[in-house]
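The following pair of complexes shares a single chain, subunit A, combined with subunit B in the former and subunit C in the latter.
Coming up: the complex of A and B.
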């Protein structure tokens, strides 16, 4: 306790505090720019931290990475463009809310959920330090494969009344993820002799192509503002009230966020989809999901902030990065001369608490700043889109090009964009494709390792059986509730009607 | 002709494309080593069968001029208040604009192209004055220059940079 308080005192010293705020501001800026995420932020900061005091560097790095999942809500809610990989699912309900003129409500609910999720992650990090080791070690490749499978089961949930198209879209995502180097042996697949495809298509291209490109084109075709309502509405307080009234959803999704972040190798890119799928599966009145249900905003936003706390556990205690940004963070630790591992608990406990305090304070400041910035930023939704579109196209091309810095990025963006637009027009669930893509590598790699290591016996492991039961129960419940709640009205898609 | 026009709708063509893509993926998978082919082969096998059924369904729907229906949280499908033919026409127009931007990047380099693109877009599509359009163009150039410095990125150069020496950030 004394060490924890001492770390807090250090963090609150003006120079350290300035570093934390600098990190938070950079994180906010990176989160607002679509396509840029924690990896980019960490990469920008790495050259800065050479020779820096470790407490300062921790405040800077963690301050930055902690608030990206908060500020990335802006583009997701207001433009239907994923701000970063952790806010893909927020689009599903956040953007329809913005179109209804309820952007303010969606944002305030999201920031409240983010704040809670972030603080929850920091609290879990504090509590788990002494007992983390056996938990992390109990998850082998078979269990990680089952977790990836749990993520894939969300495809069914996100397909609505079009299960065939949903499964096919998921399969398409899996196949796009299978482009390039095979994980099991040195062989390249489906690269058509194009060097660019040998490494596969980066996630940022898939996300921007499937979601941002179609949205920009559609808004240009409509020639209107993003919001269909002329005013922003008075939803600021309502959003906070929504978060409070759905506190159990936020709590459950924060737990999911911590667990997924905590497990090395699963990657934070899927956490928002898992929590979004979870909230739909465990809800009876689900017909408004995808049309602007506030619960669809609260779930991913609480989990993506909570995952940062979870992700720090294996990174700091075992030197195993839980996500891409944590891998770069690990490099930062080595630059500072800190050897992550179990010895940190005994030798560098002060630094561990600095990390925890930085995480908690960054979340508080991040959420506060986002709420302050919301009002002017939300005004973008009522400006005619032709004023915003050119800069969106600039950001789209810029964000894509920074992925691998080759012409292939720009060409892949265009191809994925056309694919995303056609999928959007003709009712192919794009989220299912994205989930398939994100999980493709994990599914193949963990299945391969499981079979190589345990043979067929991997399916008899306790963890695998428990996770299989969870998947089965959630799917059965989902189907049962869906059939009980059979809708009486049919939504007719104008595009289809007019096309025919 | 009527039969063909009924069947050749984008949704049917897209469903056929998905079927062919999975079919190709399956055939191609046979050429991979054992461990590399297992994952794509089984996915493609399953999805090819499913895509075939989906194609039949789409053809049947188109034939009957049925409208696809779905409820809930499938995606953010567009709802248009203009005829679909006009939507497609506008889509093609904006796609052409993007292709022109790409050609321009190939010729003039990213920084110069995006600046010109911003100016032209604001002047002719948004309908602002030349002055505002120029300010927007310069703002865009300043932004990508800042990002270039921060992230140490060299934007793609065009053919023109091989011929003429342009100062940074244009060259």
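Coming up: the complex of A and C.
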């Protein structure tokens, strides 16, 4: 406790505090720019931290990474373009809300959820440190495979009334994920002698291609502003109220976020989809999801901020990064001369608390700044899109080019974009394809390891059986709770009236 | 008074500039930017290594050029290596950083590899060490107890053509029955697998070993076996100064078999050990680089390595190993370039038999 307070004092000193704020500002900027995420932010900061005091560097890096999932909500809600990979699911309901002229409400609900999720992540990080090691160690490869399978089972709920198309789209995602270097064998698959395909297609390109590109095309075809309602509405307080009245959803999804971030190898990129799927699965009146249900915004936004707290655990205690940005953070630790490991909780405990405080404070400032920024930014939704489109296409292209900085990125973006547009036109669920793509590597790797190591006996492990039951129960429940399809009306539902 | 000062000042300036000129050899990088290609992702081991060196190259190269790292990941570093071979001009403004994962496919003769280290100039090289350890449940207290050991051991591996060739071949030569489980992403994942009991035998690079495995040894959850060793001036494998109480691999071999290691397997092991550990990372200038540029770089590298400030960096972040400037690095790397062809053939056979991997 004393050490924790001492770390707080250190971080509140002007020089450290300045670092934290710089990190937060950079993180907010990166989050707002579509397609750029924590990896890019870390890459920008890595050359800067050389020779820096570790407490300063921690404040800067963690401040940056903590707020990306807060500000990346802007493009997701307002334009239907993922701000970073953590807020793809926010599009599903946030964007329809913006179309109805309720962008303000969606944003304030999202920031409130983000704030709670982030603080929850920091709190869990503090509480779990003494028992983190045995928990992480209890998840072997077979259990991690089952967790990936649990993620895959979300494909069903995310496909709504088109289960067959959903499964096929998920399969397509798995196949795209299989391009390039095989995870466990020294082989390159389906790369057709093209250097670019040796490492497969990067996640950024899949995300932007499947979600951003089709949206831009459709908006241009319509030639109107994003918001179909003429006014922005005054939903600020409404959004906060929404968040408060659905506090249990936020809590559950924060827990999911921490767990997914916490487990090494699962990666944070699907956490928004998992929590989004979870909310649909556990809700009876679900016909409004995808059409602007505020719960569909709260769920992903609380979990994606919470995952950053969870993600620090394997990175700092085991030296195994839980996500792409944590992998770069790990490099930063080595540049600072810090070797992660069990000593983080003994010798370097001060640093660990600096990390926790940075995380908590950054979330508070991030959410605060986002709320202040949102009034001017939401005005974008009433500008005719033809003025915004060239700028968006430029940013999209730049962000994609960041992935590997080769021409292949742009070609891949075009191909994925066309694929995404076709899928949208014909009602193929794109989230299913994305989940398949993201999880394909985990599914293959962990199954491969499980079978090599344990033979068929991996199925009989306790953890595997428990997870199999969870998957079965959640699938059965989601089928049982599926309400009969009502005749669709053109009326705009006010979803939170139904919920309360 | 002030006039006198001015005269003295000018005189000093002239003397100094005359005095300085010859050491520059006409190579001057002022206002230039040096691009250092790293064929790996940002934040990886090689990236960190280059970023630790980069500011010191700025300090010691004549003209204090900006040194920027250009990450060019892909194909397990083959893409960056090929780019370096085909596209880079020999003007001293672009250098390349290689790692064991770059050297291994070259040594194995992988089809996609277009680069050839025998044609480039090594500026300096950095060694890294590894320590192997085993789960105590098998009862072995040291590597000596592994003589005639029959139980099957699982090892968490990144792949049969990765750096894991060195530990896997070492275990094989000691007569251990080790089953490599492929698919783990890096040594950190391998260590977690060991702690979970998913792997029975493992190795870590020295710095990770010190922070993460020594606590396990204290708790009685791991038994240290051996280090891979380091190369001395005569290219002989000797004990690792980071863990001098442990035998190095050739000693371990002698403890078990009663004789020094020799033959095809040993030659192959030594080549891959050199490429993967003893000169794991290196900075290269392209073919046809002018001699004075090469010398300028090598001199800068020697100065960096002697810099007390950099010694702290080596201690804290590079495992504490003696860095090898210019000629020293080149001599050590010869082990990699001069692998007897029959040793390579032997290794191909071994990879095919054991792991069903065909590289050539």
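The working rule: the second predicted complex is superposed on the first by the 482 of 500 C-alpha atoms of A that agree within 3 Å, B and C clash if a C-alpha of one lies under 4 Å from a C-alpha of the other, contacts with A are read in each partner's own complex, and residues count from 1 in each chain.
Keep in mind that, in the parts below, a residue touches a chain if its C-beta (ideal position, glycine included) is under 8 Å from a C-beta of that chain, and two chains touch if they have at least 3 such contacts.
Since the structure is predicted, the reported quantities are computational estimates derived from the model, not experimental observations.
Trainee: Is this a clash or a fit when subunit B and subunit C both end up on subunit A?
Mentor: fit
Trainee: What is the contact status of A:379 with respect to subunit B (first) and subunit C (second): first, second, both, or neither?
Mentor: A:379 sits against neither subunit B nor subunit C.
Trainee: Name the contact category of A:429: first (subunit B only), second (subunit C only), both, or neither.
Mentor: A:429 contacts subunit B only, not subunit C.
Trainee: With the two structures laid over each other on chain A, which partner does A:80 touch: subunit B (first), subunit C (second), both, or neither?
Mentor: The first partner, subunit B, only.
Trainee: Looking at the overlay, does A:184 come into contact with subunit B only (first), subunit C only (second), both, or neither?
Mentor: It touches subunit B and subunit C both.
Trainee: Which partner chains sit in contact with A:284 here, subunit B, subunit C, both or neither? Use first/second/both/neither.
Mentor: neither
Trainee: Thinking of the overlay built on chain A, is A:46 touched by subunit B (first), by subunit C (second), by both, or by neither?
Mentor: second
Trainee: Which partner chains sit in contact with A:95 here, subunit B, subunit C, both or neither? Use first/second/both/neither.
Mentor: first
Trainee: Can you report the vertex angle at subunit A, computed from the C-alpha centres of the three chains with subunit B and subunit C as the arms, to the nearest 10 degrees?
Mentor: The angle comes out at 90 degrees.
Trainee: Give the label of whichever partner, subunit B or subunit C, reaches more residues of subunit A.
Mentor: B
Trainee: Kindly classify A:9 by the partners it touches after superposition: subunit B alone (first), subunit C alone (second), both, or neither?
Mentor: neither
Trainee: Determine the nearest approach in Å between the Cα atoms of subunit B and those of subunit C after overlaying the two structures.
Mentor: 8
Trainee: From the superposed pair, tell me which subunit A residues show up as contacts to subunit B and also as contacts to subunit C.
Mentor: In the superposed arrangement, which is not itself an observed complex, subunit A uses residues 43, 184-185, 405, 448 for both subunit B and subunit C.
Trainee: Spell out the part of subunit B that touches subunit A in their complex, as residue ranges.
Mentor: Spelled out, the residues of subunit B in touch with subunit A are 9-11, 14, 18, 21-22, 25, 28-29, 32-33, 35-36, 39-40, 43-44, 46-47, 50-51, 53-54, 57, 62, 65-85, 87, 90-91, 94-95, 98-99, 101-102, 105, 110, 114, 117-118, 121-122, 125-127, 136, 140, 143-144, 147, 150-151, 153-156.
Trainee: For the complex, which residues does subunit C have touching subunit A?
Mentor: 41-45, 47-48, 51-52, 55, 69, 72-76, 78-79, 82, 154, 159-162, 179, 181-186, 188-189, 191-193, 195-198, 207-208, 210-212, 215, 313, 316-317, 357, 359
Trainee: Under the definition above, what is the set of subunit A residues touching subunit B in their complex?
Mentor: Answer in residue numbers: 40, 43-44, 80, 91-92, 95-96, 157-162, 164-168, 171-172, 174-175, 178, 182, 184-185, 187, 189-190, 215, 217-218, 220-222, 280, 286-291, 296, 384, 386-387, 389-391, 393-394, 397-398, 401-402, 405, 407, 410-411, 414, 418, 421-431, 443-444, 447-448, 487, 489-500.
Trainee: Can you name the residues of subunit A that touch subunit C in the complex?
Mentor: 39, 42-43, 46-47, 50-51, 136-138, 140-141, 181, 183-186, 188, 195-196, 198-199, 264-265, 318-320, 327-332, 334-335, 337, 339-343, 404-405, 445-446, 448-449, 452-453
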